[in-house]
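Look at the two complexes coming up: subunit A is in both, with subunit B in one and subunit C in the other.
On to the complex of A and B.
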């Protein structure tokens, strides 16, 4: 779940903190809390590392690990995809996006994908239907459902 | 439960797996294939006793090489209330029986990267079909299986032969072998789903340990084969809001049994608090929830309960 603000997840054995170079500071409070509570953690500021680096890092983790991702939209989604492929679930991660969102809204009438940022209402670029952006997310389509706007 | 969707089957074969566990192979009466089922499924068997029909649930599997058969394993319970004793003492090869279609309240996760099964004793049975399904799909899994001894370990040779590198056995009566410990949960890779089946205490210990190690509830699965031990054992009264009827529920009887005894046709299925079929609406009163089905949110709402295992405190008013 992409959030506006992150929260500290209790009862975990290990934390993985992962940020791009602009957002590392947003995780400092959590790193501090993990240190205070004596919980093991890894911290990576990801720059030019290839996907294979992240893939190997995530695949080495045990159950009870918890992932924080913070950065721009493209960065967060890239890391999230690799983490999900390694076995992390949405229950085992929190994500924070800074800057504009680049969501996809699926038209409930014609099923076309529409790029959106934070708009609550749009007009479908394919069929012209007035759509309301919902929070109903499809992991398979990597998109939100756009309802008919009444 | 109504019996309109039942199957008639014949006992083809009975084999002693251990001194207390028998395996029954069931075939269709006309030699056609019995319905397919997913890993973790069970059937309800309807046994005709002089005192009435006895319903018992057993996990389904098929260790034969012939498709279209049902197999179940029945352990003779020391405190048998009729089911296991009947299977062990009365059922013979060639007998015709009535069973339900397969149902599954213990399905495999389709999101897991790796599946780990923890079985104790007769708790191995749901995992036989789950492992067969995963092996066929070439998915990753492992089994940790505890029994008193090698001799008391049902399906030991079968498991060692079919899944030689995926099974670890723990024998409590043998010296020098490791005991099955919840600490094994510390070593599973990310993306693992764990499944527990065994005595109540074992399920509780492993579930609590998994949660304490940070496993999301989503990754933890278990199946009880008996209702949870009722620690309260107190009678309570129940009022039915709509009909105005009132009953007493004795300490040794479930609310479901009392309601059905007085002709209130509450549907039910598993009778161990695992499926949600026997849910009833609560209008007033405090409930002790003993099921493994309702969410914390549903329990806190105080509006529903599962009548097969959960109980009222003092006086309960139901929306019935």
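On to the complex of A and C.
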């Protein structure tokens, strides 16, 4: 799950901290805590590095590694995708998005994708239906389902 | 068809209990037939074909890696059709050259089994147009099942377009209470243990205000309106008990699972002609927890249906 705030995860063998250049500070407390507890960690501020760099980094990790990602919506989702492909599960990562969420809501009537942030209701930009945002998520469409009510 | 024949043919969905909860109520399927033809055969396959032509994006989906499994489905279903309905379906085979004939629709389809270029449409889409059942294909990998292909014309308020590609648990995540006592996990484990040659089946039920088979999520804004029109007076005619006969087959070569859904509907006024059914259904509907009634789409008119059933019970 993408969160508003991160929490320190206990009992991990190693932490991977990953932020974009604007959000590195948000992870400093956790880096500090990892150092105090003597837990191994890597810390990467990702700038221009290609996907293959991150892919190699994630693939070198052993079982029990735990990933923190912090940054803007596009950055967090890009890193998450690479991590999942490298074998990390959703339970092995925490993500924090700064700035607007750019979720997609699929209209159940016409299948149009609508950008949403935190709204509970929107009007479909294609067919005009009133849509209620749900938590039903399609990995294939990378989108949430919007229901119409009667 | 007269009323008594309708009643006899209807797959009564309730067990002995006066209480309904979600459960894994699957039992072994004997005889192991994936397909059943009813008196509505011609009307329903005509409707299916019309929906597939007009709304392919919501009625059919497949991932490319499902083609081998799709051919297994063709084999399973054609074998069932020509064996159990020999006067209605025929098959001539010469090695991999097959000619499948549907006598009722007067169609003869020639193709090379296993060669998808020999059919105009995908194998699952092709065979689905000859049966009343909706056909879903779940592929098994990484200890999980994924909805990777399906032909779905008569969904009970869900979207194949949206759910395609999802895992079993992802598909069922919107059902309130489905995760309680790990029911979702137990059913998934059960499905993954299904073996080739030993199919299973179950019945699922809901109520529908109206009588359309194509209750897709995409058209809910249209057909859902009827929920607001239910009264004690019109419930017998307007409200239908909708039962899905669901069957599960392991496909031995691809290790996929074929899930067939045959949707049956009966107006309440016919259903209540059999007094034991009337009383049992009243008890179940009266006791049904709000979260199940809500998910089954009954909340808006449960009270009116109960009042109708009470009046029917007083008459008997």
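Note that in this section the second predicted complex is superposed on the first by the 148 of 150 C-alpha atoms of A that agree within 3 Å, B and C clash if a C-alpha of one lies under 4 Å from a C-alpha of the other, contacts with A are read in each partner's own complex, and residues count from 1 in each chain.
The rule is short, and it goes like this: contacts are C-beta pairs under 8 Å (C-beta built on N, C-alpha and C of every residue); 3 or more make two chains touch, one makes a residue touch a chain.
Quick caveat, the model's predicted, so the values are computed rather than measured.
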Partner chain in contact with A:89 - subunit B first, subunit C second, else both or neither: first
Subunit B versus subunit C as contact partner of A:75, first or second or both or neither: neither
Touched partner set for A:30, first subunit B, second subunit C, both or neither: neither
Partner chain in contact with A:109 - subunit B first, subunit C second, else both or neither: second
First, second, both or neither for A:138, with subunit B first and subunit C second: second
Interfacial residue positions of subunit B with respect to subunit A in the complex: 111, 113-114, 185-192, 210-216, 218-219
List of subunit C residues in touch with subunit A within their complex: 57-58, 159, 161-166, 170, 173-174, 217-221, 224-225, 227-228
For the subunit A and subunit C complex, residues of the former touching the latter: 106, 108-111, 129, 134-141, 145, 147-148, 150
Touching residues (chain side subunit A, partner subunit B) in the complex: 11-14, 58-59, 61-66, 86-89, 91-92
